[in-house]
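By letter and in written order, the chains are A, B, C and D; residue numbering begins at 1 in each of them.
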Amino acid sequence: MIRKELCKILSQKEIAANIYELRVKATLVDDIRAPGQFVHVRVTNGIDPLLRRPISISAYNQQTEQMTLIYRKEGRGTSLMVQLEPGMELDILGPLGNGFPIEEVSVGETALLVGGGIGVPPLYELSKQLVAKGVNVIHILGFQTKSAVFYEKEFSKNGLTFITTADGTYGRKGFVTDVIKEVSFDCLYTCGPTPMLRAIEQGFPDKRVFLSLEERMACGVGACFACVCQSGDAADTSYKKVCSDGPVFRAGEVVL
Amino acid sequence: MNRLNVELPGLRLKNPIMPASGCFGFGREFSQFYDLSKLGAIMIKATTLEPRFGNPTPRVAETAAGMLNAIGLQNPGLEKVIAEELPWLSQFDVPIIANVAGSVEEDYVAVARKISQAANVKALELNISCPNVKTGGIAFGTIPEVAKQLTRKVKEVSAVPVYVKLSPNVSNIVEMAQAVEAGGADGITMINTLVGMRLDIKTGKPILANLTGGLSGPAIKPIAIRMIYEVSQAVSLPIIGMGGVQSAEDVIEFLYAGASAVAVGTANLVDPLVCPAIIDDLPDVLERLGYEHIKECIGRSWQRDGQFANHRA
Amino acid sequence: MNRLNVELPGLRLKNPIMPASGCFGFGREFSQFYDLSKLGAIMIKATTLEPRFGNPTPRVAETAAGMLNAIGLQNPGLEKVIAEELPWLSQFDVPIIANVAGSVEEDYVAVARKISQAANVKALELNISCPNVKTGGIAFGTIPEVAKQLTRKVKEVSAVPVYVKLSPNVSNIVEMAQAVEAGGADGITMINTLVGMRLDIKTGKPILANLTGGLSGPAIKPIAIRMIYEVSQAVSLPIIGMGGVQSAEDVIEFLYAGASAVAVGTANLVDPLVCPAIIDDLPDVLERLGYEHIKECIGRSWQRDGQFANHRA
Amino acid sequence: MIRKELCKILSQKEIAANIYELRVKATLVDDIRAPGQFVHVRVTNGIDPLLRRPISISAYNQQTEQMTLIYRKEGRGTSLMVQLEPGMELDILGPLGNGFPIEEVSVGETALLVGGGIGVPPLYELSKQLVAKGVNVIHILGFQTKSAVFYEKEFSKNGLTFITTADGTYGRKGFVTDVIKEVSFDCLYTCGPTPMLRAIEQGFPDKRVFLSLEERMACGVGACFACVCQSGDAADTSYKKVCSDGPVFRAGEVVL
């Protein structure tokens, strides 16, 4: 079930340049079904800004009813989120969409998790759940520059972790796609900018690949048709909604 | 006592609140949040003869106290709406207002004839004002003679009362309203969105793939109020008002202006529970303002004082 | 290097920023806050032949991300503006754009002839679009043929270039722009305010004594951008854009849309220091976006890529 | 000089039902010239609400550069002001307008100060300054109901103080105008709702009477012509601006 809930802020901290980790307590955590689902955040009761902001759930714990959101300070909405302090309340709608299918990879197989920038957060919970299941996990995380890198330690606990930076100030210089070629895997999960997703999709036509997409949204629940993408099957003139059919799709399922 | 019921051509409304077309799909998503029978009515997404994919994305952009959309009438087409959406909606005790769109007159007529026969469709809303479709749409909504003609054609085939949805992108909204009245419309719904645009500061290019989009939300409320104020005094048709409604107080303001019922659009996208919240708030607001029944608010802005003797304020 | 200078008919602007007419009086109040020579130009309050008291109060009402005003062209009249206001303004090194208004053609012509001869008046802004005056005003702004005729008459007598200020309350803004171009206008300023209304929740009556007022502020920005985008491609006149500008980024968006300079209206009422703040911010914003000179931004939204070879972004 | 200043909040408390007393530190206090001047407050950096809110200066101290504002929580703007806490900053434009002329009353004379509701605050500084000058001061303060009464003690320290409430729950039942008839005075200063001002103006055509007006404002500095009123001299077709020519006018100077 999707709930609209006033959630209590537990903590907030800046974990890299302009990257914030926000922990909240919320009963809607009970209804999260898979890593990669997201929530839709109303950053103000007023009209400035008007629309909600979609943010991935980067970790959650159903025992404690807590979840973690990691976001980058971008424009007006996320700048207002930065001002949240412990004890305050935040209007959250969720959980939304369909997450990464962990049943697609079996015990003993290797999963490759590839994240670009602000696409990294949802992979963290995925990584934890895959490891708990007994899957080998390798991470390739791409960032713009050294100061933007976050969660290297956390991911490293779960498996081999490569970091790339576009400007070479940390880890390998270049893009995640440069590193992918060097590792072998059974199943690939990825989230990040569309050009990255497109390169990955084209690079591994024969593998099990799951992509998490971003699109500008209004309702977040499938009612307004703002966030559609075309079906990958050319004969099928229907559409998929990123918010309710996605944000995670199997490679080829939709046109990137 | 029900202080909220309103009767309009074809529509017995428990209360004057309904979601606006395009902001509620066909209701399925919102039925997760509350019982749709609570609503006064539902205006479903625009239906065209054939399925439409709509415009490329991005389709929405935010603006100050508003948003632009260029969905482009995406919908599954008449056949599927009749076979799947309307029967599903019939589980709820709520009248449906079917939003009818098309590119040419024949499309409108074909959709209107068929959809008006569905059991739970109690009225049509003729969408002659969608700014996001290239052919037809906009011209129907800005030339009085064309709007009148289309209204007449649709009236001829419709089994239920026909409301015409007016575009605010005109020099003279009263002229448009009078034209559709002359064409035989049973009511008016207004306003649709204003044509707007946003540019990306980095690239310099339009944010919307469609370049322009329709502006909705609180930003346009003063324009909607002004137009309803003008039109309600110039025609004798009932008006379903919309444009930036977010609260029960906003609803009262639309009724004062001359609307008989009110649709809520963009606000559903921000708060899926906004319609039931408004419905729950209305009796208290009426009490506070001293009205026995919501009908007493209708047209108060231009009525002479004392017209409603039982107003306590 | 000055990265901000722009040349327009009659106007050598140090920078493309100027206060919009009616939001700056005749500059006296703002001169307490900063040196007016810093501005690109000043658009002074509408001047009519005779003094005007304007509308009764309340004259302003707030709306979501905007405001309504119904000042009604209050001004001390042509004689006093020429005898007192313009000489006072001449202490500053800044071109004045005189906003000319009237009820009938003869009024406009009389004001234009006289005021265009003042030494510091470098251009006229023909206000054919004020929504808050009962006679004249609005009709001039919505009927292309009338606008063209008025433009021609004023051009005949004006000693300086004539810019015509367009109303957004029309079905077809391009048609209006083309009409004033055909009438001989040297430039266009746009947009004026949209006609809106607010009702008092307690009394049900309009808040403004004038009933309706002109909507300005951030709420109308997407409409202004869309209209400038359309008009700048359809005429060959330069455009001074306005409508909801609050920041240097907003200025860039207006230039992208096709404006050559930008006026700031309502924002002056909220922050009297907004114009100098924007002027100070512009070079940094240009630097960040990779432009050598502000002119490179003009019309970028509709120009083909590569048209400006020296853009670094 | 008028300044636009980010002023530090020193304290805020609710002193009656929905009536708040806000103390701020601001260098613009140096420029206050008379009681009855006001400031124009921007309650948010954003656009909701867009315009500033005019609030009278109810007390100030140029030594400490502090001033006190007293306001009623009404709509969106004042509701946001309620959230201000010590240490926060508030964007204030001021001092604005012309205050009450204390030079119009001489040592030993009696001044009557009549305030209605939210018109009471500016009279407080006026009362203090008149007493300091050696003028006898009598106050008549009208409120809606008992819970809305504030500053009775503070005013009483300066002189005889009558309280009226419209519903009779405190002090005398009725309106300030009922009490005025019972006292004698040389000069009258008043601030409150227009009907009250009008009654007072008409009641004492032969006395020195000064009225502080309210009008909807935009700029607050005299530039936009939003807040005008007609000159009291019928022959004079000019106008007065409440923000820059007022808010205090001599009775008869403008049409109420």
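As a convention for this text, contacts are C-beta pairs under 8 Å (C-beta built on N, C-alpha and C of every residue); 3 or more make two chains touch, one makes a residue touch a chain.
Everything quoted here is computed from the prediction, not taken from an experiment.
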State which chains count as neighbours of chain C and simultaneously of chain D. A, B
Of all other chains, the one whose Cα centre sits farthest from chain B: D
Report, in whole Å, the distance between the mean C-alpha point of chain A and the mean C-alpha point of chain B. 36
From the C-alpha centre of chain B to that of chain C, how far is it in Å? 34
Can you work out the whole-Å distance between the CA centroids of chain A and chain D? 55
Whole-Å separation of chain centres (CA-atom averages), chain A against chain C: 46
Set of chain B residues in contact with two or more other chains: 64-66, 217-218
Of all residues in chain D, the ones touching two or more other chains: 47-48
Line, ring, star, complete or other: which one describes how these chains touch? complete
Residues of chain B touching chain C in the complex: 63-66, 68, 142, 169-172, 194-199, 201-202, 204-206, 211-212, 215, 217-223, 225-226, 229, 244, 249, 252-253, 256-257, 289, 297, 300-301, 313
Where on chain A is chain D touching in the complex? 46-48
Using the touch definition up top, name the residues of chain B that touch chain D in the complex. 64-65
Along chain B, where are the residues that touch chain A in the complex? 22-25, 28-30, 32-33, 45, 51, 53-54, 57-62, 64-67, 69, 71, 74, 217-218, 246, 266, 268-273
Chain D residues touching chain C - in the complex, by the definition given at the top: 1-2, 4, 42, 47-52, 93, 215-219, 221-230, 237-239, 244
